[in-house]
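Same chain, two partners: subunit A is paired with subunit B first, then with subunit C.
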Partner chain A sequence: MEILCSREDFLTGVNTVQRAVPTKNTLPILQGIKLKASDNKLWFEATDLELSIRCYLPVTIHGEGEVVLPAKLFSEIVRKLPDSDLKIVSDDHNVNIYYNNSNFAVNGFDPEEFPEIAEITSEDPIVLPSALFKDMIKQTIFACAVDESRPVFTGLLLHIDKENILLIATDTHRLAFTSSVIPGNEKEFKGIIPAKTMNEIYRLLDDEEVLTIKYNKSRVIFEFGSVQILTRLIEGQFPNYKQVIPQSCNTKILVDGKKFLDTVERASLLSRDNYLKTNTVRFSVENSAIIINQHSEMGKISEQIEIEQEGEDFTISFNAKYITDVLKVINTEQVIMEASGSYSPVVFRPVSDDSYLYLALPLRN
Partner chain B sequence: MGQLYQAISEVEENIAKLLNEVRSLKQYVEYLEEENVKLKRQLCAVSEADTARVQKNAARIQKEAQENLEKLYNEGFHVCHIYFGEPLEGSCLFCNAFLRKD
Partner chain C sequence: MDVNSAYLSWEAAYRLQQGASLDLRTVPSAVGGNPETRRGIILAKSIPAKKYKIQTGETLFSAKQKCPDLIIVSPNYDLYRQCSEYLKRILTAYSPLIQQFSVDEFFLDFSGMEKLWGDPLSTAYQLKETIKEELGFTVNIGISSNKLLAKMGSELEKPDKVHTLFPEEIPTKMWPLPVEELFGVGRATSQKLRDRGIKTIGDLAQEDPTYLKRFLKSYGILLWNYANGRDNSPIIENKAIPIKGLGNSTTIPFDVDDRRTAQLVLLSLAETVGMRLRRNGFCAGLVSVSIKTSDFLYFSHQKKLYLPVDCTSAIHATACALLDELWHGQPLRHMGLRVSDLCASDFFQPSFFEQSLEKQKRIDKAIDSIRLKYGAGAVFRSAFLHSGLKPLSGGVIEFEEYPMMTSIL
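Let's turn to the complex of A and B:
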């Protein structure tokens, strides 16, 4: 293999695929990034067997071939190289990087050992605008579970049914739901996509691009620009999320989302609970105002926000993050909150927009 | 003449037999109707007295079950079908929905 390319392009390739390199100890070969030169394209590839990322750069190829280089060392080298043109030449499993009048040799792995990433050939993929999908990920992904004891909650349910597209995430304490429309789509897909995959799609997806989704029963490929993200679907049944959405409420309020976000963030500064690792915020809704009076050994905060209130007064406690996460992603200035007392889930929605909904359970104390 | 007389006698006999059958059928229908009314009355009697008792019992069992589930949830265990019986960390939307619905 012998190729010519700029250091900047090379760094882009490495950065694109590097997050698929497993962080935990696994097969040594998976700690590598595969480079493959063919057809005037240099392909970068990394996989943890669940998630694989692949991308290509147009480069000048003097000799085709493939190598696998240790990801960590290789990316550090590329980062620290001077900004110049590079010549990369492989010699058996090893690679020589020539820059200016210098040369860095890296010992690689046997490319034969690198797992083949199986293709999904789909004649009839789903095509949708990237900006729409990115927005949907942003509005839901934070509600996924971090704890891996129930894998279905570490993913997002993606349900495409003809023109309707839904994305739902829950960690059982809170749930985020968003829906949109793909005009003209006639295909159907339902599967649980790992949050890690969605994160990478969100990170790499350009608003201007078109996203193509190819799928079979167990795996999905997301393609955009020169990038391909392949993922295994999470096995198992996503629970019936509709049953947890309250159909009525005792109090409905309309609040300025930004003001409420700032207040909750200030109040949570006083309530760092190092034991529970959560910041508790407690507030009352009464006489068309949200009132926070919170104190700890660190200090005291008293704030009041004017709201529109319909229905009874109540006092409620939340993990502050459950409120700030959603207020950061609701796009409208005013936010609707629907509550039924101190212990029932509170629903958050943007004003006059049924496509998004979030609900969270208060703390019981 | 003798032959005709005999034929008419046979018809008369047949008609008498049929009439007898009709009469006994009529009695049977009467009996069934009476039985039906009696059963209906009995059924109503059962309903009024026992339906309330059965319903009350069912409500009590339901209430006890609900209270037990609520107690279990408040003591820190899941009662939803996803995690049933497992220790609860904080709260659970599915438990909450399950308890709310009942």
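Let's turn to the complex of A and C:
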């Protein structure tokens, strides 16, 4: 293999695929990034067997071939190279990088050992605008579970049913739901996509691009620009989320999202709960105001925000993060909150937009 | 305050009250397990039995060899719990601040009580006599300016005595004692100290603390302070001690080799663990099961729960799943169940998609209150009928709010 390319292009390729390199030590070969030169394209590939990322750069190729280089070392090298044109020449498993009048030789792995990233041949992919999908990810992904004991909750349910597209995430304490429309779509898809994959899509997706989704029963490929992200679906049954969404409420309030966010963040400074290992916040809704009177050994805070209130008064406690997370992603100035007493889930949604909904369970005390 | 040979005294006082003619305290006697159920060790002995060098924890067989006439009676933990509670009730009249340190040991903060009761020494005598009169057993009382010295004082000459051990009395009363007598010096530590020629508490007190620290780490400094009578631990009301986890275990009278019986044993442990958990107002987020095979091999597994629970049946279900992971059918002699990752049961984060445990909680609450009022055996699960197993097992005394054993004052 012999290719010519700029250091900047090279760095883009490495950065794109690097997140798929497993952080835990599994198979040694997976610690590598595969480079493959053919048809005037230089392909970068990395995989942890669940998630694979592949992208290409147009380069000048003098000799085709492939090589696998240790990801961590390789990316450090590329980062530290001078900004110049590079010539990369492979010889057996090893690579020589020529720059200015110097060269760096790196020992690689046997490319034969690198797992083949399976193609999905779908004649009829789903096509949708990137910006829409990116927005949907942003509004839901934070509600996924971090704890891996129940894999189903570490992913997002993607449900495409003709023109409707839904994305749902829950960690069993809260749930984020968003829906949108893909005009003219005829296809159907339903599967649980790992949050890690969605994070990578969010990171790499450009607003202007078009996203293509190809799928079979166990895998999905997301293609956009020169990037392909292939992921295994999470097996298992996503819970029936519809049954937990309240259909009515006793109190409906309208609050300035930014003000409420700031207040909750201030109040939560005082209240690190040792049992829950998180910050908690307790507030009352009464006389068209949200009232926070929080105290701990460290101090106390009293705040009041004017709101529009319909229905009965109540007092409620939350893991503060469950409120701040959602207030950060709702775009409208005013946020609707629908509650029924101190123990039922509270619904958060933007004003005049039925496509988004978030609900969180309060703390029980 | 320390009850003299607590279990045995209580047993003896109870028997006299029931019309027995023999006072167990006056003859070589002991409270011990039952060798047939493989719990054959001495739990407490009378002062005459002490003369035969019978030790707490030795097997009944070897105790009988030392003293063939030894009278052995079975333990009755319900009685001991009652005695302990009655004792505490008497003490509350003497001070508002009482710490129950174990089933038979109490600390009383007498600061400021002189105005009400007069000087501590005469009050102690009065208290000791009241207990003897009302409850029929004797106690030792140690008086001093901190908990360590008071405890050491109560251990001086027994039975039925009041001792003072004020700081100025340390060199004469405490320093001549063998180093093992010091609170916190157990078998392992005593060996380390004796190997270095430290034989008495006085030797320890005069040792260079940095030298002690070299082989006992920070514990050496603590012991050195103790040996010099220095201790500043406050008297804490019970419940103030943070509990990190709780568990019970039981030695089974026969080797268990079938799954159903093993699950029943776990159920009997889940009953007691669940009751303790609920009584303390906790839910547990982690369950662990341990087993000891007939070859004395020990294994354990644990599992984190998605939602913290305090329900007997939920704890049992998790324990059974753990048992299936852990056990391959070897004969079992001992099983244990432990819960930790505790959180307050009245303050927690609920979940969607979880089965509601409200009904279970109500059942547990009802059962707990029946057992509290009418005794632990008043109601039990029918699975135990004809099983040859106890419906509740593990835990010497079910409702303790104090540690069974501790080296922390």
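As a working rule, the second predicted complex is superposed on the first by the 362 of 365 C-alpha atoms of A that agree within 3 Å, B and C clash if a C-alpha of one lies under 4 Å from a C-alpha of the other, contacts with A are read in each partner's own complex, and residues count from 1 in each chain.
In this text, a contact is a pair of C-beta atoms (placed from the backbone, for glycine too) under 8 Å apart; a residue touches a chain by one contact, two chains touch by 3 or more.
These numbers were taken from a predicted model, which means no experiment stands behind them.
In the three-chain model built by superposing on subunit A, subunit B clashes with subunit C.
By the touch criterion defined above, A:1 reaches neither subunit B nor subunit C.
When the two complexes are overlaid on their common chain A, residue A:344 makes contact with subunit B while staying clear of subunit C.
When the shared chain is aligned, subunit B and subunit C each come close enough to touch A:239. Contact with both subunit B and subunit C is seen for A:364 once the two complexes are overlaid on the shared chain. When the two structures are aligned on the shared chain, A:172 is found in touch with subunit B and with subunit C.
In the superposition on chain A, contact of A:150 is made with both subunit B and subunit C. After superposition on chain A, the stretch of subunit C that runs into subunit B among 26-34, 296-304, 332-340 or 350-358 is 350-358. Of the residues of subunit A, those at positions 150, 170, 172-173, 175, 239, 244, 319, 345, 361-364 touch subunit B in one of the two structures and subunit C in the other. Looking at the complex, you find that subunit C touches subunit A at residues 304, 306, 342-344, 346-354. In the complex of the two chains, the subunit A residues touching subunit C come out as 149-150, 170, 172-173, 175, 239-240, 244, 275-276, 319, 343, 345, 361-365. Remark: subunit A residues 150, 170, 172-175, 239, 243-244, 246, 319, 344-345, 359, 361-364 touch subunit B in the complex.
Listing the residues of subunit B that touch subunit A in their complex gives 74, 82-83, 90-94, 96-98, 100-101.
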